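First the structure, then my questions, so here it is.
Residue numbering begins at 1 within each chain, and the chains themselves are lettered A, B and C in the order written.
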């Protein structure tokens, strides 16, 4: 970005001096007391002792996602069956390691158009029927899918097509959001993906008279193929 | 329905602002009452059921913890903001500082111009409303579209949001249908699903063409430099992923120390707002797209906004800034239910608006807001970060008194009243004269009932002086002929009690 | 135990029968009730309107008047909340007075709360009978003192009492002290909402334990032509125990 000598806005120092004044000090001071600890007794809503597959499936269904529990050997066929049932032909297919593990690309075979990201943005995904992705984690507590951006993980897969099909392995499921944040402990921001999306249901709105409508901007349908033995 | 004033004047009225003018109209608007009552009540009941269902006996402790986290971050706002800035910059974002609404607009305009942006898609954000961003972008020829369905409809219909979370709570589908016919050339339909489809198709095209995306922020995470937005429709993710330039405009009070703290705050935010476990999309953004990533914005700008927040950051009012904009206090508020959001004359409405607006925009400009509340406390009970809203309403009322911003007649009345309560003789005289004054008036209109001296009373349909306001809305019961004190004297004579000066053993 | 009655200004003048019933019930349960005559007002109107110096004068007086008692019982949740929640805020910078008002706050109870949570009364032990279809208004300031369904529990212990729950029972009736006079349109709209809910219950009696709420709701019922009698729970219990005289 070109550099400007007279950037609009306030110089950082002046901005902070008002904050310091309100806080009753003249320079930035590190807290003398630690930030409040996340008391798991209060806020942990699921633990490793729970039946995580059952809990995840129940919660995901409660928020309007379709969940099918399968074995790895049956997973690819299940995906194909779902795609065909929804009439999905033009696919953004980025199912990552989970997809490789179930041999998805080969199993799908002929009859689909695979749309590849062009490295420029979301444009390739608009005229598609389905986005197939794996997840970086799933939360049993809320039935949440966590999709992070990365080299083979476009943001668009779970966002732009009208239908999102997610592959979730049993080993992806974490009990609680607390466990996901714990996994990121100590990773500096610059090493995080630019986008971490927690997805808890199909796109929803109730803006018009409180009537619940799905699929307003994001996918109106989210199917989860939950692989029990991976 | 009464003709709508312009969207501009709804949220940015002439100052000082008078509540009664709009609230009186609102209380006569039967349709508004129905919409707002239904929507807020449904959400309030759902929240009240869900919180104990999820957190059991710990609901109160969870609220305390959530409040403590926000309070700690505010107590050390300088430290955590510095941390946030360096981590956001390390992740490739550019951080800007806006002291005022004008600066927030200027920074955004400069970014738009520098990148020759022509079309902006915007997700829902209170702070962008607050700094009045949209007209400023339109003025430089950058078409700007609100993409949240509710906000999109309001923009089309030249209306303004009236609720923090559900902005078009005051409108029904026929208004949407008419706006879509008029502004989009759509065929008339009142079907909510069909209306949503029309909006989807229209906005999809905009996402494809847009070169600037604007969002707000629910949280800023100091330890990583991340901005978190919570949305249900997916427009938030599209606005922050489709255009090549992303601007996140966020108030400085949104800071939390660490990602793990989201594990508390996210758990109470959506549950308090809409009784959802989480919003459908909780999007944590850390810098622009990385080199290896196939999509996402090339630039990420973060505009940190003060615009009066450092005024609220003073110790006396700091707690107000804990607000995570869940809207639970609006849904719980019986006054909001009757007058709707526009009656508050500002971007933030409801109980939190009634305390925040006078601090952000000057108590002298909004002297009515602290009094437009019955102090019932439903807001405090609902607040997931335990902001003691009634306490602040009273604190602001005290400030009105100490700064002599109250009405001289009210002041004199309160002082005389208070004085009369300091001796038993004047107190009793006050009660006695009120009793006989009221009963005399009731005798004139022959409304005195027959019966016990301690229960039979009369009714006033209209009364003079300070009681006039009362009888505008309801009848005033008069006291019965005899007071409790009178009965007590008789009771004592019967010897069934002892005088307070001879306590029992 | 030395129990003192804090009658409150509104109950003293407008609802003396509630006070009478309260005293009779406590006496019937074997307690002695004192009525310190120097009491005036808790100062809530001043506090809520921002006149905090004036409030402190009244709070100090209250602390002195009730200093010698073990319990202060009042027929108003609102006035109890004033004493318990706000006196300490009023004196947060005055350690000596803070101790005095803290002591007062610790021993002050709303009447129904006192019956249920301190005396642990079960009305079934006393054979309380009261015939009628009753609904109950939960007054807002009970929130501040942590009172929830105590009154309803007591009503279920009264033989013959047909309790009808009120829709939006915990929604404010719109009284709010001076709010009712400053914003009559808003307040009026709120109380008409309440009256509508009362009408829907089909109850002939409304139990309301705060004089302010009672004035407001009964005044609106009277204006709107909704026939319902208003009583405090103390009156119902005293009547159900056969304690109220003809002329009371």
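Keep in mind that, in the parts below, contacts are C-beta pairs under 8 Å (C-beta built on N, C-alpha and C of every residue); 3 or more make two chains touch, one makes a residue touch a chain.
Being a predicted model, the structure only gives us computed values, none of them experimental.
Chains that touch both chain A and chain B are absent from this assembly. Counting C-beta pairs in contact, the chain pair with the largest number is A-B.
Put simply, the C-alpha centre of chain B and that of chain C have 30 angstrom between them. Rounded to a whole number, the gap between the C-alpha centres of chain A and chain C is 52 angstrom.
Those residues of chain C that touch chain B in the complex are listed here as 2, 4, 7, 9, 11-14, 16-17, 19-20, 23, 27, 32-41, 43, 45-52, 54-55, 57-58, 61, 68-69, 89, 140-141, 143-144, 168, 170-172, 174-191, 193, 215-216, 218-220, 222-223, 246-248. Residue ranges of chain B in contact with chain C, taken from their complex: 19-20, 23-24, 27-28, 33, 37, 41, 334-335, 337-339, 371-378, 380-381, 391, 394, 396-402, 406, 410, 414-415, 417-419, 421-424, 427, 431, 434-435, 452-455, 457, 459, 461, 466-470, 472-477, 479-480, 482-488, 491, 496-500, 503-504. Residues of chain B touching chain A in their complex: 35, 38-39, 42, 54-55, 58, 61-62, 65, 68-69, 72-73, 75-79, 81-82, 85, 87-88, 90-92, 94, 96-99, 103, 106-107, 109-110, 114, 147-150, 153, 166-168, 172-173, 176, 192-193, 195-196, 199-200, 203-204, 207-208, 221, 223-226, 232-235, 237-238, 240-242, 244, 252, 257-264, 266-267, 274, 276-290, 292-296, 299-300, 303-304, 306, 310-311, 313-315, 318. By the touch rule above, chain A contacts chain B in their complex via residues 1-2, 4, 7-12, 14-16, 18-25, 28-31, 33, 35-36, 38-39, 41-43, 45, 59, 63, 117-123, 126, 141-144, 149-151, 153-156, 159-160, 176-178, 181-182, 184-185, 187-190, 192-211, 213, 215-219.
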